[in-house]
Amino acid sequence: MTLDFSTTIAGVRFKNPIFTASGCAASGKELSQFFPLKELGAVVTKSIMLKARSGRPTPRMAETPSGMLNSIGLQGPGIDAFIEEDLAWLQTQSCDVIVSIAGETVDEYGALARRLRGQRGIKAIEVNISCPNVANRGQVFSCDPVTARAAIEAVRINLGGEFPIIAKLSPDVTDIVAIAREVIEAGADGLALINTLLGMVINPKTLRPHLAGKTGGLSGPAIRPVAVRAIFQVRERFPSVAIVGMGGVVHGEDALELVAAGADAVSIGTASFGNPMSVIEIRDRLSTLIQDHGFTRFSDAVGVAHER
Amino acid sequence: MTLDFSTTIAGVRFKNPIFTASGCAASGKELSQFFPLKELGAVVTKSIMLKARSGRPTPRMAETPSGMLNSIGLQGPGIDAFIEEDLAWLQTQSCDVIVSIAGETVDEYGALARRLRGQRGIKAIEVNISCPNVANRGQVFSCDPVTARAAIEAVRINLGGEFPIIAKLSPDVTDIVAIAREVIEAGADGLALINTLLGMVINPKTLRPHLAGKTGGLSGPAIRPVAVRAIFQVRERFPSVAIVGMGGVVHGEDALELVAAGADAVSIGTASFGNPMSVIEIRDRLSTLIQDHGFTRFSDAVGVAHER
Amino acid sequence: MRQINKAARHTTGRLLSIRKVGTYFHLVLQAEGIAEGAKPGNFIALSVGGDQSSMLLHRVFAIYRSRQDPSHGAVIELIVARSGKGSDWLVAQSEGTLLKITGPLGTSFPLPADPVNVAIVGGGYGAAPLFDLADHLKARGCRVDAIIGAATSSKVFAPLEGKRTVNSVTVTTDDGSAGIQGRVTDVLPEIITRQRIDLIYSCGPMAMLRAVDDIARSLSIPHQVSVEEAMACGVGICMTCVLPMMRGDKVKMVRTCIEGPVIDGEEIAWDEVAR
Amino acid sequence: MRQINKAARHTTGRLLSIRKVGTYFHLVLQAEGIAEGAKPGNFIALSVGGDQSSMLLHRVFAIYRSRQDPSHGAVIELIVARSGKGSDWLVAQSEGTLLKITGPLGTSFPLPADPVNVAIVGGGYGAAPLFDLADHLKARGCRVDAIIGAATSSKVFAPLEGKRTVNSVTVTTDDGSAGIQGRVTDVLPEIITRQRIDLIYSCGPMAMLRAVDDIARSLSIPHQVSVEEAMACGVGICMTCVLPMMRGDKVKMVRTCIEGPVIDGEEIAWDEVAR
């Protein structure tokens, strides 16, 4: 019995369901010295903005129990340099690429989408409307149904149906199902669940916030139960929407948890920081586990926790 | 130099700022074999409801990375038996007591408050409007500004000003400052921050939700950065409201983090499950740390992270 | 009457020895202030994983034996099975490791006043505390017949000293690799009849306990059960370890770390127990 | 030109020995596939805490020396200071522990083509990689003067073999418990003049590096700095380790694990560095 380990996200097929998480693999080059990128289901690139951006000052990170806070602040070269350099390089690696974009305004989301139209070597667009590391928390589009919808509509209109749209949501909301509904109605083909939780660490020596940006995004196994819950809730309400799950996956068992809750694919973030081979190890372990459970197709395991 | 380790919550003085967390010390008796309860700033009792309640079926817990999920479902003997037995016993221990109450309806909150009026040996009432372990998530009063306000108003009116009211809030909201504002306006003298986060674990063997109640509340060090952030945000906006902080405190250093963020007292929950002496060890360590930082009064350390 | 052991202490003890016994591990722990007051059926709770561990909750283990050691003072012995991340960590420790121990906890096996005929029924590591109990029963003049079951021979816990204590040992294994192929309940009725058993004690997996209790109830033989529910604290403060039990004519969710682990079989509302 | 070491591998290596040196610990690790390609200035990243640890992120350490060991093959040596929960765990390990190692990482010290006069300036454990560098410099015919500073004598890292390699060693301590009381920068200008220093290499706390760079800039002496920024991954994927650097006429936030740790002093926009 061989396993069909492929997965389909909004009509697009990926050879396996293990992706990098946006912002946790830069644009892929750095991990490629440890394994060929085409071993992955997809490389999800760091959220790119319209203009070059230097991000927040340091310290930008704090380790927390079974997790970490980051406040990178979407540092990046801007969409033009990204397309010319990073995307061009990725195209030489015969790997599947999902490009993550982040705008400061609804118009910027539109402009980013326009800029990506016609680019080769992209399988889908992940729309980060949930980054907590921006000065004005009002900019977290996915915390408000109205702005969440507006950002996704802007992307949809400007993308012209060329690539599937995956909307990345924040768990820091009272009702994630309600936000999911908005973005699905606005044209999202899939959802990425979850972005980081807003957190803070106080430095016990200085008694001041440890991060220069004060607050940061909490990731890692600490938040996995929140991710599983969010995926489960959204999958329950929207049985057919594509879900890319993420949040604290370190072992193959963790990936299986997200899959059973309803994830069609699983992105690996923080785990790579402590072990650059994590993505490969998790992929291999997940494949074994799924077969041990008697599945012959990965897709049959998706959402299995909802069965009675 | 001796330390004034006392703290004042809404006009009431407690000999030290370390409390038990509601639901993590039963009604005190069990811990009293390890240390005298009067060593604590206060015992916060498990949230009590109007009627006896058997709670949720087992499994009721899952260990998670640096945390745990629980779905106890507010098991308890009901307010009458609580007053007659648990509260009466606590009165014999010369310890300070904060009674936590939880209702299923606004009226029940009112009825609970009425029932506590005139009871001796109570220093304050904590109003749990944020328990995630109830069948209908709509019952999480603190997830909605309107119900949050209504529950606190019902308590205030029925309590007749006899005890200070501490409203316990959920972090599972888009804007915790907005909820804090509502309950303060409704008459809360203090806030308890934070209750557990809604989470889920899937059993990797059965591929079904591990908890009988499917979802549970996430507690422990995993959520500490969320607690610190919530306390910091609320303290920033409401400099003079009393805050009882909680969430993932295991060491004295962790307690200091919450204090620096703005907590006037710190409750210890999950830590006691792995070490019943935690509360005492944390109290002693916090006292040392505060003195090492040069404070002579505990209250001077409260909120110090907000200074520039 | 079963009574909660109120002598519980929290202390730090040294792991004095650890050695493999079949698939189990036999641990000897220094436990000053804990071992002295322990009664058969009591358990202890351990912190696992060390200071920077991601595991916060207590792990609980039945006390296999407690005794006064000539060179190490008060010690307790455990029989530990690997069954997850905490027990994996525990059995990987070497002599000298310091462990945080809380105990003795829970109820103990009530001892009969008269010298009656007793059956002890143990499944897997559940057999461990029953041999200590047998010692006490023998001292009171009881006849003790042991029935020890397991999935396979390496999981049968029946130490030599233990076997010597009791009047007879019947071993059953699911796969027939030791003793009689089958379950403890396949041999129990016959032994009850032959030895005119007055009283049964059992400890093991919940499914076994229930099957034993069915037999005990049908023959109206008193049955003391040591149950095993997932515990987060072991000391009565978390309410996770509850079991539905009859209290008067009502079913109540009762903490098995406080009103158990040793419980009257007939008090358990088996039909309400989650599976 | 400094170039990132592209030979990075992820492997498991055995801790071969660990021994205290002053307040530091000297570790020898088996590092097949890593040690072979390491250059002076490179570093490695370790996972800490074991399987159930609450610590997820890499810990990075400069390679003190890498060599071929007759009995253990390719090994690397580290000098580790206790400065937090991960390093506490690391130095508590005993011989035989298996560690996940990623390396060699980062840029290395560029070596001059000609036999010039070099000053190496090390602060605390920062002195460690400089002695290996000195070896290479001596092989190219350079004169090497070492200035080693620390808060106190037990934190001065100046091993005997290292001292033999260089032409002179000047030790400074803040408290005067060893060598000259004061800072490395109190003695550096005089040594620069006396030995006609052409090139400076430094490694140590950021404040020291900055002070050394001030002197280097004012005298227009090329200065290669090995910086230390908090790192979560060490391999270029997290963007936490950035330092503001001049790129053309712009200040950019540059990853010090990829474009560093060894950096041209004059490229660092010190005024923008957070404190």
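Brief remarks follow.
For clarity, chains are labelled A, B, C and D in written order, and residue numbers in each chain start from 1.
Assume a residue touches a chain if its C-beta (ideal position, glycine included) is under 8 Å from a C-beta of that chain, and two chains touch if they have at least 3 such contacts.
The chain lineup, named per UniProt: A, B, C, D = Unannotated protein.
Everything numeric here is computed off the predicted structure, so don't read it as measured data.
Centroid distances built from C-alpha atoms place C farthest away from chain A (Unannotated protein). In this assembly, the C-alpha centroid of chain A (Unannotated protein) lies 34 Å from the C-alpha centroid of chain B (Unannotated protein).
Averaged C-alpha coordinates put the centre of chain C (Unannotated protein) at 55 Å from the centre of chain D (Unannotated protein). Computed centre separation for the pair chain A (Unannotated protein)/chain C (Unannotated protein) is 47 angstrom, with centres defined by C-alpha atoms. Contact of a single residue of chain B (Unannotated protein) with at least two other chains is seen at positions 65-67, 220-221.
Under the contact definition stated at the top, the residues of chain C (Unannotated protein) that touch 2 or more other chains are 54-55. If each chain is drawn as a node and touching chains are joined, the picture has every node linked to every other. Within the complex formed with chain A (Unannotated protein), the chain C (Unannotated protein) residues making contact are 54. Across the complex, chain B (Unannotated protein) is touched by residues 6, 8-10, 47, 54-58, 100, 102, 229-230, 232-233, 235-243, 251-253, 258, 274 of chain C (Unannotated protein). Across the complex, chain D (Unannotated protein) meets chain C (Unannotated protein) through its residues 49, 51-55, 85-86, 89.
Only residues 65-66, 221 of chain B (Unannotated protein) touch chain D (Unannotated protein) when the two sit together in their complex.
By the touch criterion given at the top, residues 23-26, 29-31, 33-34, 46, 54-55, 57-61, 63, 65-68, 70, 72, 75, 212, 220-221, 250, 270-277 of chain A (Unannotated protein) touch chain D (Unannotated protein) in their complex.
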